[in-house]
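The two complexes that follow have subunit A in common; it is paired with subunit B in the first and with subunit C in the second.
After this line comes the complex of A and B, so read on.
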């Protein structure tokens, strides 16, 4: 390429020399490069970059729907800090996220391990277990809304009439004691296959010699798992856990469809509160402040995650 | 203590079957509910297999609700935004993976970070933006907004794919007289076709399943997409699990059909794109 640039420069004289200089500064493929990335640049800037900056600005205003925003500095954030309902939503979001991610991690490892064992129809089983991940989330949430139904739901039917575990049915989503556990269960159900398939890919990449060497050294099944498998999937585990933490923390549809944050705010998580503040109470500035309140934490998580993901690629 | 391989395999099958039952049960339940009559549901009779099988739910869904219109809306939005994202993402990913130019590393990082920014902080400013552009309450607004997640995703996924194609192939083509663009179009692109297909399918699935933007941007009942339309059944005045589940079945079908047909590509795409160690 460098040779090509020099030739062009020599042939075309002054004009070419300027172009050769440009090539050195902007890189040998800059013309096609910039042409090809312009659309991405446009979309990233107009659909994420600009709205993001606008969101930060709006969060510092009093903005009612249909009226111009009035700048108020950090007032929305200060007010939220002392708002008991908001505080509860923050706590709920953390419970929802860490409860879900913890179980997804365990189930994902289990799924990957069973798919790694010598079984028939491996790709069939893999395909079946991935279905919750590809099916529309709204459909899954509606399915569970019906399954959890207090009077006609099949879960109560199974537990009360078929297995006789409960004396009477429970309003899974309408009672404060079970609502959070129920929405967490649905989130786990939907999300664990992604953990499983990612870990499976990582486990397949572990060289068989490592297992053979461990076996020769007399390692037990558990020891092989701890000293060969776990270190082999460590990087992917970090990536998947961080990715899922971001996704789960910002999950809107499952909670919105199943409980809308009820009963009595017991499942109110931050994305649903954002939506309700914006389109229920019509207070847009405050709504965005809810969404952006934990931005520093999100930003750090994204930076760490992006670094891991890029490093994973380069190897 | 070392488990014998036979015990291990038996255990693996037991776990597999348990997980498969948990995964499939909601879909089984959705399907049989869609074939039950209101009476069968209320009386808790013929619980696990509808007797008789009735199809009135489907009839009601198609004739008495806007379901057909929603189906068309979802298809329009998903297909248009998939084509857009795949075209933009493919050339962009190629440039970011292979071409040498100033700012490439920065743009690659920016794309990845964009992919990680959650919709829950973007939906309000995006809605304001669409309203200013006169695109609120229109399918065009959704088609314009969906690239915010499909473009970064497709780009990130395909960057990995292009990086895995040996650079020597292009160099050989260029030595034989092909231009850089020719090498891309005639050598790299055909090799990347399975990756592009997987990326397109994922973009389609994401657009087909999207809920939050569609819920916020669209106010006209007939302009809803399927997920929002289905969800509107649980708050509307006409209320029935039978045709709600019939709608759920019909909404899931295209995604699952595409997935079964192209499972191999999609599983590979997912593991190559989401994360690759």
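After this line comes the complex of A and C, so read on.
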């Protein structure tokens, strides 16, 4: 009884502290705050919270098209864990993502440095380099499908007929060594301008005095880049890399249009596998399990991103 | 703005009427107009009849698509039905059906492929009476089509057509070399391909992808049967790496050999999708390729130079015979429809023999027979290339053969498991036995999951 009373007292004290805190922050109209926040709260709950929770529930069901879901607990996740096809898709997803992001990072820095240098028609080149980013992904991917075509593609035509580099065309999207490299290349082509333009903005914000001081101290170009430019764009670089990692990991269009995950699952990545499981196999519960399987990894990535963004703002 | 409201506004501005009087009169005018419009709308909809949502299948044979749409529209006009036609095609049919069914908003009636009756059965209306009525008036369903349309005697689709197909081969090149038309893959197709191809001119003997697409799926399934194997046994249980391991290994080895050993396939063939071989053949880069009649249709309708140089023959076979699968397109009526009678009437209308004849003739071999009477139509004698297409259809079997057609057999097709199996050998470097065992495990999973459902 005494314990109960103590708990009630503690609870009342906590509530009082919270109320007092709210009152202190929001002022005398603090009750109005609830009124304003309530619609947004329900809006977010209905459009984000409910679908997300429902997706988690469905991922734990055996759900076929047109039939009610049957709860199976973690069976879908366990099955996927030991499924070789799924395991390859996970590995491919990481190769695709980190292969792409790594190259995009390097190319983005190079693009930004070139556009920072006093070249002629800089605005024009900036516009040209942004074309891959601006063009719809479907259009780009369909163009690359034609470019890479083994029989009728322009790449083989140039290499074999025009420049005589190869005696015979290569199946860019059908050979083990080139299929993944080709889809990664298209992703790099499409994504590096975002890196470049972001880094360019960050470089322009670095005070010129820092470069002048470094030059006075006798720093070489490489040293200026390492000790002035890189630290100056570090925060933007982290944010861009993290954003691109999330986008690339979830990239569906390029792989689906170019290879559909083939041949033999060589380029099967998680978003394509999700799609194939949902519409090909028509096992909706399992498809959602595929989509949610690596959610914790992405969630950590997002948390890191948010942390850096907040830290950047405080500075 | 409405003239009366405009006048009221002028009066208000001139101070002729008070603001309150303006509001009162404006409310009367607006409310009266809204009520009038509502009544008119109800009268209009009462006169225009019920509304029907119809999904048609858009094939590569554009003339046939147009004729079918016209038939449906004429029916709607005759019956005073409001029509909402939408199209699904090879790349987006499942993407349309799955969300529509899950949202409880499917069309009233849809032209489905062979997978539809089994896959969408929970959402489909049983149409046994209509299916039998249509079939009996046309001499009965051909066996392969009958298998696909029903489950335990209950029909969930009314058969319409099966796409004619065959080996499209350059008869001019064969004549140059004095070669005969091939009947089996090994050695006939291999010999013809090797003797006619010229890689230095980018001309390849055989164009047949094993990649994840309908063409790859069809070939892989047929070749297993041709070698006496199958993914399924007679009871409908997985048999890829068990009952038929020996036969399936030989079949898979042959499929892979066309690329790796015999080198009769063009570079990049493992990345092909359904239209790729059509494009390569019409570009003069292939001596032969397996395809649906849409390739022949494209050449004839465009008066392509290769149309006259092409012979369409029976799909070649293997040691166990020559097997082929033909997918039956069909009409499915959804349970959610409030106009099932109208849907049935529409099916009778479009399947009317005169209308189907017009459609069939425009399709240049693609509108293959699913009914016995249609198989005997004199149209099939009008072009020597139709003979191979028709015979292919008449000897067709079904997914799951030699067992029954099952949802698991359909899913194995839909997941391209056999294509992945071939890809694992050609690209992944696995041995045929290892690839078969890997694919068998996936098929067992499908079987287990679907059996439970």
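Quick notes
Note that in this section the second predicted complex is superposed on the first by the 261 of 315 C-alpha atoms of A that agree within 3 Å, B and C clash if a C-alpha of one lies under 4 Å from a C-alpha of the other, contacts with A are read in each partner's own complex, and residues count from 1 in each chain.
Going forward, contacts are C-beta pairs under 8 Å (C-beta built on N, C-alpha and C of every residue); 3 or more make two chains touch, one makes a residue touch a chain.
Just so it is clear, the model here is predicted, and its values are computed rather than measured.
With both structures placed on the common chain, the touch criterion links A:284 to subunit B and to subunit C. Once chain A of one complex is fitted onto chain A of the other, the partner contacts of A:246 are limited to subunit B, with no touch recorded for subunit C. After overlaying the two complexes on the shared chain, residue contacts for A:189 are found with subunit B alone; subunit C is out of touch. Taking subunit B and subunit C in turn and counting the residues of subunit A each one touches, the greater count comes from B. Of the two partner chains, subunit C is the only one touched by A:172; subunit B is not.
In the superposed model, A:152 lies in contact with both subunit B and subunit C.
Subunit A uses residues 152, 278-279, 284 to touch subunit B in one structure and subunit C in the other.
On the side of subunit A, the complex with subunit B involves touching residues 1, 25-30, 32-34, 36-37, 39-41, 43-44, 47-52, 54-55, 58, 107, 110-111, 113-115, 117-119, 123, 125-132, 134-140, 142-147, 152, 154, 157, 161, 189, 193-194, 197-198, 200-202, 205, 220-222, 233, 235-236, 239-240, 243, 246-247, 249-250, 252-253, 257, 270-271, 274-275, 278-279, 284, 287-288, 291-292, 295, 298, 302-303, 305-306, 309-310, 312-313, 315. Of all the residues in subunit C, the ones that touch subunit A in their complex are 94-95, 97-98, 101-102, 119-123, 199, 202, 204, 210-213, 266-273, 276, 279-280, 283, 285, 411, 414-416, 419-429, 438, 441-442, 445-446, 449, 452-453.
Chain contact summary for the complex, subunit A toward subunit C: residues 62, 64-67, 79, 83-85, 148-153, 156, 168-176, 179, 259-266, 276, 278-284.
Residues 1-3, 5, 8-9, 12-13, 15-16, 19-20, 22-24, 26-27, 29-30, 33, 41-42, 44, 47, 87-89, 91-92, 94-96, 99-102, 104, 107-114, 116-126, 128-129, 144-145, 147-148, 151-152, 155, 159-160, 163, 180-181, 184, 205, 208-209, 211-212, 216, 226-228, 230-231, 234, 241, 244-245, 248, 251-252, 255-256, 259-260, 263-264, 266-267, 270-271, 274-277 of subunit B touch subunit A in their complex.
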